Amino acid sequence: MVGCKTILRPGLGLVMGVALLVLLAGVSPTWAQETAEAVEAAEEAEAGISDAMFTVNNLWIMIAGMLVFIMHLGFATLETGLTRSKNTVNILFKNTTIVCIGILTYALIGFSLMYPGDGWGIGGILGWAGLGVSAGEEGQTIAYADGAYTYWSDFFFQAMFAATAATIVSGAVAERIKLMPFLAFITPIVALSYPITGSWQWGGGWLAEMGFYDFAGSTLVHSVGAWAALAAVVVLGPRLGKYAKDGTVNPIPGHSLPMAAIGVFLLWFGWFGFNGGSVLSADAAGVSLVLVTTSLAAAAGGLVAAGTAYVVNKNADLTMALNGILAGLVSITAGADLMSPVDAILIGAIGGAIVVFAVLAFDKVRIDDPVGAISVHGVCGVWGTLAVGIFGAQGLIATGSPAQLGFQLVGILSIMAFTLVVAFACAIAVKALLGFRVDAAEETEGLDLGEHEMSAYPDFQRVYIKSYHAREI
Amino acid sequence: MHMIEAVIKPSALDDVKAKLASLGILGCTALECKGFGKQKGHTERYRGGRMDVGFVPKVMLKVAVKSEDLDKAVDAIIESARTGSVGDGKLFVYELGKVARIRTGETDNDAL
Amino acid sequence: MVGCKTILRPGLGLVMGVALLVLLAGVSPTWAQETAEAVEAAEEAEAGISDAMFTVNNLWIMIAGMLVFIMHLGFATLETGLTRSKNTVNILFKNTTIVCIGILTYALIGFSLMYPGDGWGIGGILGWAGLGVSAGEEGQTIAYADGAYTYWSDFFFQAMFAATAATIVSGAVAERIKLMPFLAFITPIVALSYPITGSWQWGGGWLAEMGFYDFAGSTLVHSVGAWAALAAVVVLGPRLGKYAKDGTVNPIPGHSLPMAAIGVFLLWFGWFGFNGGSVLSADAAGVSLVLVTTSLAAAAGGLVAAGTAYVVNKNADLTMALNGILAGLVSITAGADLMSPVDAILIGAIGGAIVVFAVLAFDKVRIDDPVGAISVHGVCGVWGTLAVGIFGAQGLIATGSPAQLGFQLVGILSIMAFTLVVAFACAIAVKALLGFRVDAAEETEGLDLGEHEMSAYPDFQRVYIKSYHAREI
Amino acid sequence: MVGCKTILRPGLGLVMGVALLVLLAGVSPTWAQETAEAVEAAEEAEAGISDAMFTVNNLWIMIAGMLVFIMHLGFATLETGLTRSKNTVNILFKNTTIVCIGILTYALIGFSLMYPGDGWGIGGILGWAGLGVSAGEEGQTIAYADGAYTYWSDFFFQAMFAATAATIVSGAVAERIKLMPFLAFITPIVALSYPITGSWQWGGGWLAEMGFYDFAGSTLVHSVGAWAALAAVVVLGPRLGKYAKDGTVNPIPGHSLPMAAIGVFLLWFGWFGFNGGSVLSADAAGVSLVLVTTSLAAAAGGLVAAGTAYVVNKNADLTMALNGILAGLVSITAGADLMSPVDAILIGAIGGAIVVFAVLAFDKVRIDDPVGAISVHGVCGVWGTLAVGIFGAQGLIATGSPAQLGFQLVGILSIMAFTLVVAFACAIAVKALLGFRVDAAEETEGLDLGEHEMSAYPDFQRVYIKSYHAREI
Amino acid sequence: MHMIEAVIKPSALDDVKAKLASLGILGCTALECKGFGKQKGHTERYRGGRMDVGFVPKVMLKVAVKSEDLDKAVDAIIESARTGSVGDGKLFVYELGKVARIRTGETDNDAL
Amino acid sequence: MHMIEAVIKPSALDDVKAKLASLGILGCTALECKGFGKQKGHTERYRGGRMDVGFVPKVMLKVAVKSEDLDKAVDAIIESARTGSVGDGKLFVYELGKVARIRTGETDNDAL
């Protein structure tokens, strides 16, 4: 998504050609006038062609933005499905308000921080294009992005990305975080931290200059969300009853697997816009390749994760198959435009295997992530970003040089470090000022009653007589 | 008058009701319940975790009968609910001090 | 959406230019022929460019129509979620059949009534273009709408709008209206009333001539649905147990808040087509601005409604946040193409605040609207339409003149009056002929059993032991 | 979808024109150079125009592919909603993995088998274009499909179709088939059988040469799925308790009608891409007509099915209205591009009536299809394919000749025969090798526990005390 | 001490509770249950099929009372739960051997 | 033989069952129920409205025991279910006239 190659220059020669006619024909006076007309005519043709291309390119960016928007519904349903029914109103409220906050803050300061243009304060590290959004004269014209999209489409597409990092966090901290403190924690992440790290690469900052590559945001979007989630989860601690004193891990099943499945299909659907739109034009070859690599990686991730879970955990675990699809998607995101179908399948498949072990590993170290967000977006985000240094044109295999791999590593670590520092700071500050976690009684009764005084499913008899060993307390 | 409280397998409910009906016992009340006993529950797995779900879904059927109908009702239930496999359930008999039909206020045997 | 500015005229000068060449070069005989070829060539270029533009514009209108279609799923899920599980089959059946009826009647007579072209019977008030739909010779060509879309795309987009007004009603009358009478009531609204009032503005009728402005239908679509709903609700009366004799208002919680949230996200998603498509071309600057104003208004509406509800009702009410998003969307709809980002945020925010008070106010006057449709689509529809007279280029603030505000008021009131008259007439007639409301026993048991002999969730234990004070009876 | 007419040739004359100029002006030496420039200029204009068209066309094919993708979520939710909650994890797991398998196998061999190009082994019957997918030089350019789409878009769109046939089967065999055997059965169907029969028509095989017409796949996609389902269902037998010894048919209600409704709306939405994309370009007139016929047929199907069910079964059955919409969609699919609005309404309406009787008929002969897949996709698929021989330009009514009807019959029967043979062979083989059906105890307890050791809704009290007469055993 | 077990119409619950409260009886336990009796269940239809759902949703209310309160409690329930239409439900009275309040360990009458 | 019917806090179920098991009492039946008593329910709000939800979710545990096991079983339950806070629940003891194991037809003490 970095930079933006020239999209088109049709009919340019047309003008030159006619211009030459003019030159050569200078001899005759009538000729001069005739050719003047011809030049004008040629210019109009050029303009018409560019305008058509501009309209198509811009249409795709707008549609891609809409597809990214629907990912927020995907996250909301996935996270709802993988948590308990007593915390459903809470997670829906969080994810709904986050999207609103994300869009508004991005309009206010995020877009400006992320795309400072030449407004770099600290060169390549921190920039500022001005408060709010406004298209200016050229922002609505073909001139803004060389015929790719308008200023408004640019903002629309980027704004839809912005809240993604936040919705990722929402799932990881679910079922125990207080509502207001959560919003207080997540707002600076979305409004400041995400756009700043984003500017390093997509804003043309130091990572972009160095040669780091992250096509659609395995690191810039997904890991950022995961690292913020990690910090919050560490400060927050695990859900009651998740890790028994005797060291056993008590699974806490989500309350609606159909909801979770809806979420993953919607996320896959939205990802077509997330990755496909990151081509930043409707370039036929470019976008269609990205859609293919994205789909193949998702499919491979889903199958491999299901298989791995079947071998390791001894059951055909739907939630792992679903996480695997997301793992494949996150993994291909950094290099979706560089990979061959075979590369894409490999990257997705490895991502699918990784996510299963990552989920188990985090439980081992008692990092309680109800939806597996840190595994999917963090671990697979790292893998996908590294994969750009291994597979594809710029990868170790093709080039034989580890240079790109090095760049990728620098990008991963710098963004991880920055995000973790900011997120821990926010989490600790919020905890000190407002408190971070609901009390045990509320957690047991559910956050829907505690934080919202509502029930998500008042018509259905809730089950209190749960399994014996895995105690819910 | 006695109250028969039978904890049976859900799949046995229809047969038990049919059998009771054949004896002219048409009224009863059923509740969803969960049983713990010799019959082991099942195992569930979730994201690598393992839960031994101790209980087994059962149906609790409550049938109030006149004392003279008690034995045949009990036999009917035992007979129709038995599969012979563990978990067929249990049957408990309580004595009732009073029975009333709310609609009419009739009491005791008249209410059954 | 009124009128339709010229979309493009590229290469025109190309022809003229070459034409001039011909003129000037008349002297030589060979020249004549040469230039004839050149002219033809130039015309072909022009045609090619126009054709490309036509294809892009038309593609967007088609996609916008698809997005509007998905709003019907949004309404179905929202209304299902905000009502009780014993009435779920009924609301789904209503919303499913309404969409079918809406599309078919719009094909039969609606499109003709709404866009009479020059077939005005009573000038600007009632027109007729003929029974059914047919593209005619030019309907499939660039000539139909000056390169913006084909006759079929036009119908497709408009037909998807048509059923919207009806699905809005469905939610407001939920949980107590008889099935067949409902269909008997709503069909004339969709088939006659909606297109007639629509023709006054979008059909180029008297409101359009007067200077009324309603970009995508805050009044023409949303309020129309709300006024029809209001009439039906008044004739129908409140749900049993909603308003206790002692004057207390008993809330009747919906049975699935996730379903409601899915509905609102899908509506927001569909609204991109609803507003974006109303530009009636893929014009890059125009559509992208509309998407931005639409999103900002929705986000502001959601946040402000959540905040207002928190202050007024003392809880973080998810349903109010969701209603607020819709309020923001309805509010911006009338002027989505005229507003700046700041205007859009203000309009959405005010809409979000309004909806909370409107919901409370309707309960005060015992108008029982289970989903808040009248507040969201009616009250905010009025607000959004008025906002065009206040904000934006044509607004009081910019022009200093209340003229536009006056036009808006005339539009709002005339359409409200017409719709209320028709709707009350239909409601009263249907009530007299078929009866309108199910009996108390059926209402208590639920319409799913009474009207459909089905259960929506046969596998889940329904809760009969409900709260003590808020009695359901 | 067969063949692919020329999409555009703008500016061609422009070149000729200028070329002529060159000829005629050969006399003067300076002229030669001047005109050379002019020719080049003209060629650039032509290229620019073609490129714009190519980008639009390709964009639509990509978006259509995304819409087809969302149909898989539609099938997943529909089938989940129409089955019992104890088998929900199972159906979701099946439908999720099928999509993954379908995409991967299609990349590996399916696309190659279905579009052998000139790689026919057995002329028109079995072909092979080589293992895997690769665009080659021209695959990414305008040259690949005459400006319609790239190789990658082509694959993407077709791959999304591939899994459809499989997801259809999933619903019909639900609630009793073993997991692994199901995957073992369905994989060869998706990977081999579907692409081979597909090649007969869309690959330019013998059916295409004969004159068979199946625009978007009433037969090639939908019936194929239905016939495979039929074979599996016959081998599998009905669900326990569905058909009582005394001959009565015990309905087994699905557990979530909202889920089913979501599925149907998403399928309708996706069908816009399924049919609209099958135009294989963004041709304004072509695609917009298809969207209109598709919508009208769906609407007519839904209403007529609801009405028919009301008359025949004496209740307003939501599931029949939903099946009716699908019936209308399947019915119009074969001739969506050939029909007038009136034809479309008739075809959809007849489909809607057929599906109701088909569902009842299959129960009469004890073919247990929980979701009505064989009725919707098989019976209506046949009807829709025949309808091409009756209505529309090529139909009996217009031409007076039964020729087309004959071709349609040949196509229907040949594909039905081939698919049934393959499917029965696979089913019987799998049954012998792995077993096909879960044991009675597992079926009673539910496949979620038996096959997955999971519950889809652990928080909700499941109902075991079911209806008296319709026993679930 | 006695346990009153009343199977009533769900819609009667609030009135019954209010009535008991007016007598100073504040504690009780309610369960969702399904009743079979004279009152017929409903019919459901699904894709052409027809099911006679035999049961009727009811609420089972259990109220433990001191022996001296038994009669007035029983009368209160019958009175407040009666609509006069079939399906009003039944009321059963059991004798209790022991009652205890878990929180305090108090037993019998002190626990009520 | 006696039937112990304990209405307890859902969160106490596991401990109570474990405790009973330690006494060799492995069988029991649990039901979801709603309690009304000193412990107040919660408040819910919805679109400006306010509901005082009177009931508290509880679990009803039924344990049939031999008469000689009654006291220790009762003590075990009270002990393991007690948190000391209001709402710990109540325990009721019924005398059983008859017990039968459906699978075998064994009756009374042999059935326990």
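Observations on the model:
By letter and in written order, the chains are A, B, C, D, E and F; residue numbering begins at 1 in each of them.
Here, a contact is a pair of C-beta atoms (placed from the backbone, for glycine too) under 8 Å apart; a residue touches a chain by one contact, two chains touch by 3 or more.
Worth saying up front: this structure is predicted, and the values here are computed from it rather than measured.
In terms of the stated touch criterion, the partners common to chain B and chain C are A, D, E, F, listed by label.
A count of C-beta contacts for the chain pairs A-F and C-F puts C-F on top.
Look at the contact of chain A with chain D and you find different residues on each copy: under half of the numbers used there are shared.
The distance from the centre of chain D to the centre of chain F, each centre being the mean of the chain's C-alpha atoms, comes to 55 Å. In whole angstrom, the spacing between the mean C-alpha positions of chain B and chain D is 50.
Residue positions of chain B touching 2 or more other chains: 17, 30-32, 34, 44-46, 54-55, 58, 94-95.
Chain contacts: chain D has residues 42, 45, 49, 52, 56, 59, 63, 253, 256, 262, 315, 317, 453-455, 457-458, 460-463, 465, 468 touching two or more partner chains. Going by the touch rule set out above, the chain pairs that meet are A-B, A-C, A-D, A-F, B-D, B-E, B-F, C-D, C-E, C-F, D-E, E-F. Of all the residues in chain E, the ones that touch chain C in their complex are 10-11, 13-14, 17, 30-32, 42-46, 57-59.
Of all residues in chain B, those touching chain A in their complex are 34, 41, 44-55. Within the complex formed with chain C, the residues of chain D that make contact are 8, 10-18, 20-21, 24-25, 42, 45-46, 49-50, 52-53, 56-57, 59-60, 63, 67, 84-86, 253, 255-258, 261-262, 264-266, 268-269, 272, 276, 282-285, 287-289, 291-292, 295-296, 298-300, 302-303, 306, 315-318, 321-322, 325, 340-342, 345, 457, 460-463, 466. Against chain F, the residues of chain C that register as touching in their complex are 249-253, 309, 312-315, 317, 319-320, 356, 359-360, 363, 372, 465, 467-470.
By the touch criterion stated above, chain D contacts chain A in their complex at residues 30, 33-34, 37-42, 44-45, 47-49, 51-52, 54-56, 58-59, 62-63, 65-66, 69-70, 72-73, 76-77, 80, 88-89, 92-93, 96-97, 99-101, 103-104, 107, 132-135, 140-142, 149-153, 155-156, 159, 179, 256, 259, 262, 451-461.
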